[in-house]
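The structure under discussion appears below in the form of structure tokens.
Note that the chains are named A, B, C and D in the order they appear, and that numbering of residues resets to 1 at the start of each chain.
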Amino acid sequence: MIVVLKDNPDQKQLENLVAWLKSMGLGIHMSEGQSSTIMGLIGDTSSVDMDLINALDIVETVKRVQEPYKNVNRKFHPEDTVVEIVPGVSIGGGNFQVIAGPCSVESEEQVCEVAEEVKKAGAGLYRGGAFKPRTSPYAFQGMRDEGIKLLLEAKEHSGLPIVTEVMDISHLPLFENVDVIQVGARNMQNFELLKELGHIDKPILLKRGLSSTLQELLMSAEYIMAGGNERIILCERGIRTFETATRNTLDLAAVPLLKTMTHLPIVVDPSHATGIAHLVKPMAIAATAAGADGLMIEVHNNPAAALCDGAQSLTPTAFADVMKCVDAVRPVAYKG
Amino acid sequence: MIVVLKDNPDQKQLENLVAWLKSMGLGIHMSEGQSSTIMGLIGDTSSVDMDLINALDIVETVKRVQEPYKNVNRKFHPEDTVVEIVPGVSIGGGNFQVIAGPCSVESEEQVCEVAEEVKKAGAGLYRGGAFKPRTSPYAFQGMRDEGIKLLLEAKEHSGLPIVTEVMDISHLPLFENVDVIQVGARNMQNFELLKELGHIDKPILLKRGLSSTLQELLMSAEYIMAGGNERIILCERGIRTFETATRNTLDLAAVPLLKTMTHLPIVVDPSHATGIAHLVKPMAIAATAAGADGLMIEVHNNPAAALCDGAQSLTPTAFADVMKCVDAVRPVAYKG
Amino acid sequence: MIVVLKDNPDQKQLENLVAWLKSMGLGIHMSEGQSSTIMGLIGDTSSVDMDLINALDIVETVKRVQEPYKNVNRKFHPEDTVVEIVPGVSIGGGNFQVIAGPCSVESEEQVCEVAEEVKKAGAGLYRGGAFKPRTSPYAFQGMRDEGIKLLLEAKEHSGLPIVTEVMDISHLPLFENVDVIQVGARNMQNFELLKELGHIDKPILLKRGLSSTLQELLMSAEYIMAGGNERIILCERGIRTFETATRNTLDLAAVPLLKTMTHLPIVVDPSHATGIAHLVKPMAIAATAAGADGLMIEVHNNPAAALCDGAQSLTPTAFADVMKCVDAVRPVAYKG
Amino acid sequence: MIVVLKDNPDQKQLENLVAWLKSMGLGIHMSEGQSSTIMGLIGDTSSVDMDLINALDIVETVKRVQEPYKNVNRKFHPEDTVVEIVPGVSIGGGNFQVIAGPCSVESEEQVCEVAEEVKKAGAGLYRGGAFKPRTSPYAFQGMRDEGIKLLLEAKEHSGLPIVTEVMDISHLPLFENVDVIQVGARNMQNFELLKELGHIDKPILLKRGLSSTLQELLMSAEYIMAGGNERIILCERGIRTFETATRNTLDLAAVPLLKTMTHLPIVVDPSHATGIAHLVKPMAIAATAAGADGLMIEVHNNPAAALCDGAQSLTPTAFADVMKCVDAVRPVAYKG
């Protein structure tokens, strides 16, 4: 970390700063220039709060040289992490997986039918929402515990491991037989939840927040990994921008960029990113081409009638077509 | 709600849509134009998912005419809500309050000293963070239960009611003697937490999320109010934009605009919004002038040494100066 | 266009509004609902200012049903436009072109050498900046007229048609032998320039503005097309968001979405979008996979030494590698 | 400027970089740390392209210590600039001015009537649009030369100096008798226009671009000032964000922050920033309280009928009320 001091800094404040930095075990290398003094901080600066130093009267600017994340940093772990979901189903390091299923679990019939269909089309994991984060308190909040039970039936029925979203620590006991626990975009910085998931022996699918930087996404993954859980899958699902033609703006450059920053696998969710069913196919193809380790796609057996999650859903037939296109692009996708 | 259909909509899908809308108790008024058919939905559309209808093949566009929020809507509650914190300390409807105190609780000495100072300067409520949401798992996470105890000491010591942030439902028992429970920006859409706070008999200070629209802020307040808790204070604290010169972009137009949308009181937090100590004073003045019902300001007894939260903090002396300026502007502030 | 009126609108104002709308040749269809009156405007509403109606006291909300763009609208021109640059070099409707070359023209040697290299690798057009829009008045502003001359030499030398950016109407005479005139992101809403380009018999490459919506991009193309010039190529080059890890956020979903909105060809510029050389390759592959009609890529013969435009440039060797990957992905790219 | 190199940088590239920096007259101070080497650049780095250095393979990161702007920098010109418009009408350094008038010039009657009204209410300058930048080619583009003539009549009639927007260099001869030339938000980075305005002996009102940072705004002012024209007035008019409840997000913290960065006067345009007539008053009050040197407000004599610019306009009566409130807040406004 580099701290550039203002001209003629108050000496008392400078001493306080130096003393405080030393108390955190950091070495300090002072370099006096013509019009400004630069302090180079040597040692582990990951717990140093940059904003705070930046706010001091005597400081002109602060710049991090080392990344604030450690466990998730590719520098210290050059090989791709391969997350094993269940024996035979892995993601990362060349293992590509498509996670598919309905937005919300609605009925036993729906959940089992769709599972069968997506499995047939080539999906490796099954998704479905039991707990649903909804902007409105008057909107359907999901089938909750009952929904988890139906997902487990679908799992047994289809043999596909299941992924579903947790919304609160207190619900975790219900997730005992779930294969992958999803943290939604709105919970990416629910730090108490992240800490708890650090102590769990299950893969975590961590979605990027609506207005989170890639570094913040990695810091949230670092929360989980610092607790001991190393099986994390990152998910790019679009960010909020001024453009309203799509629900969010899918940031596909995040895929190859994250791959240089971290060793964790990255999947892309074109359904939520765009919010428009006919954009799911081109964006699934593009995400695969950009080097994603997998996709997360909403599939519903009757988009026109089942209005509860239709907006971004494909029919099983349309999904099977997407899978064919994705398979075709995989051999020529970016490999890094 | 108005639904504009595409030309020559599929009749089967149209019937499905109409049946589904009727099943929710809505009346439908069809109006056939030259090149498009418009459906007007009559009745309570607050639980209707617009995105979903918008995603249907046969739909060109959907537009809400009624707001999706009810309890917090000024239309149905024209008078300002006055939230009584403790007898004699109210906010809203002409009652203006300044909430001041350190970002983090650090020690008994600090917490009591600052409380005394801000009270002397005219603050009506005392704030301090016991549970701290931090981007990095390696940063100080707050004194937690111990911090709450110290705040309660400061309350007894100074007589000021206290405001502090909750980060998880499971911590709520610790908040029994806290006067106002704060929901931080990152938890604005932690819907399970909001539901729980709807059943609590305490004022809630609800901060706007980093990338939340005003409508989303009101929908989160609606979650709390739908549960029965009507004592909600909204807080504008800056939104995330492309501009990096300030930590966030303070959206002051939100104050008079929210006042037309809702009857709830609105406070402004210039400390977090700007992240720069010397901008707290002008923005406190401007927020007051814009008609805010109160302010939330960080005050620390030793910004230079106590680095743990210095970035946006004022000294007690600087805070007293801000209070004088704010008092001077109040008589000429916008009244609506 | 649909205008939703407020309850009990002022009758005088309503009459004014109706009279004004009729004066523009619009038919009006009134539909009185329970709590609001809806006016449907029939006829050509493309010149009606929505914001303005929206601002009237008596108006609750306005919603456009028809798009405000006509000539560029795919609805009225279902076939893909094929823009012929020179005989044998076309773009759109299945014709894919890569535009490559240095950011700035620097010397005869550079400009001819790079032209030869990119031609060998498969580029169909040659780009180079003679007039350079630079944030700082102290930065290199391009070789200007001299730069245009060097580009024309490179054209003669290599046989590749050339693309270069115009910054002001007064420079247009210098562009007489240029094959494609580029409008940069900062000039996308330089309406006087757009009008002028509407009267020119040359293809225009129109880049999306840093904070322009897709609809605004199309409206700018409409300016050119309304003047009679139908040879327009759109260019997605990243938008400005809160994320600072890349220079801009490449909005690849814009490619398939624009294809449904307009018949014009769309190219993608991964160099400017990301600002990071090692992201050019994955994003070139992804853009091709998403169905782009072409790419625009910066290539420099000595990125390490020639610092004037190195940031996002590839070497000719790296570019040849990108071309191979792009060629491999084309057969399996999204076709719509 | 500080350049942090990567570990074990390629020596040939490092030599190239050093040679290039020296060729620009910069001194270099190398400081070798444990895991990285830091180069401090000494001298005038304002013409050094940071992005470019940042993009080199051997560079980890670059950080500017000095601001890239010089003439507009308050560091080198600590006193407030006072821009004299005409004798007796100045702005900056304690001189506060309100610029008022219609969005578009429509007729002699309108333009003279409004001028008289705003003068009576206390406006010091008169504004009106003759050339109108419109998103749609089908929308009213302004009365152009005829509009300028009408404004000059209003000037003679009322005695108020006039402000109007230029859209292209070629129109400048028409502006000979205009008092202040406005550069609109969409032209803030029309660098050829800015250069031309640097050679003109008239005050320039420079509006912030929709997605421009404060530093970019200052760099555009630097373009004008580098040409010799020192009479520049900056204008904050809202930035584009994800929030759609207001047309733009008014960034009021920009006012006190710009005052620390530059000596130039700053006015605020609450009409365009919010796009909502009833927000003009509170935001005019708040902007004044935040320390703005003036305001720019749209006033129209018949907002309900004259639809051409109604959205954000006040009636003369409403404007007179705003003036009273602004006058009341001035004595207690932030002074820096």
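Operating definition for what follows: contacts are C-beta pairs under 8 Å (C-beta built on N, C-alpha and C of every residue); 3 or more make two chains touch, one makes a residue touch a chain.
All values derive from a computational prediction rather than experimental measurement.
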Any chain that touches chain B and chain A: C, D
B-C compared against C-D, more contacting pairs: C-D
Mean-CA-position distance for chain D and chain B (Å): 31
Intercentroid distance (Cα basis), chain C paired with chain B, Å: 39
Distance from chain D to chain C - Cα centre to Cα centre, in angstrom: 26
Residue list for chain C, restricted to those that touch at least two other chains: 211, 240-242, 244, 276
Complex contact set, residues of chain C against chain D: 10, 12-13, 16-17, 20, 46-47, 49, 51-57, 68, 133-141, 167-171, 186-187, 189-195, 210-211, 216, 219, 222-223, 226, 240, 247, 275-277, 303-305, 307-313
Residue ranges of chain B touching chain C (in the complex, touch as defined): 2, 4, 27, 29, 31, 33-36, 38, 40, 42, 60-61, 63, 65-66, 211, 240-242, 244
List of chain B residues in touch with chain D within their complex: 211, 213-215, 239, 241-246, 249-257, 260, 273-274, 276, 278-279, 281-283, 285-291, 325, 328-329, 332-334
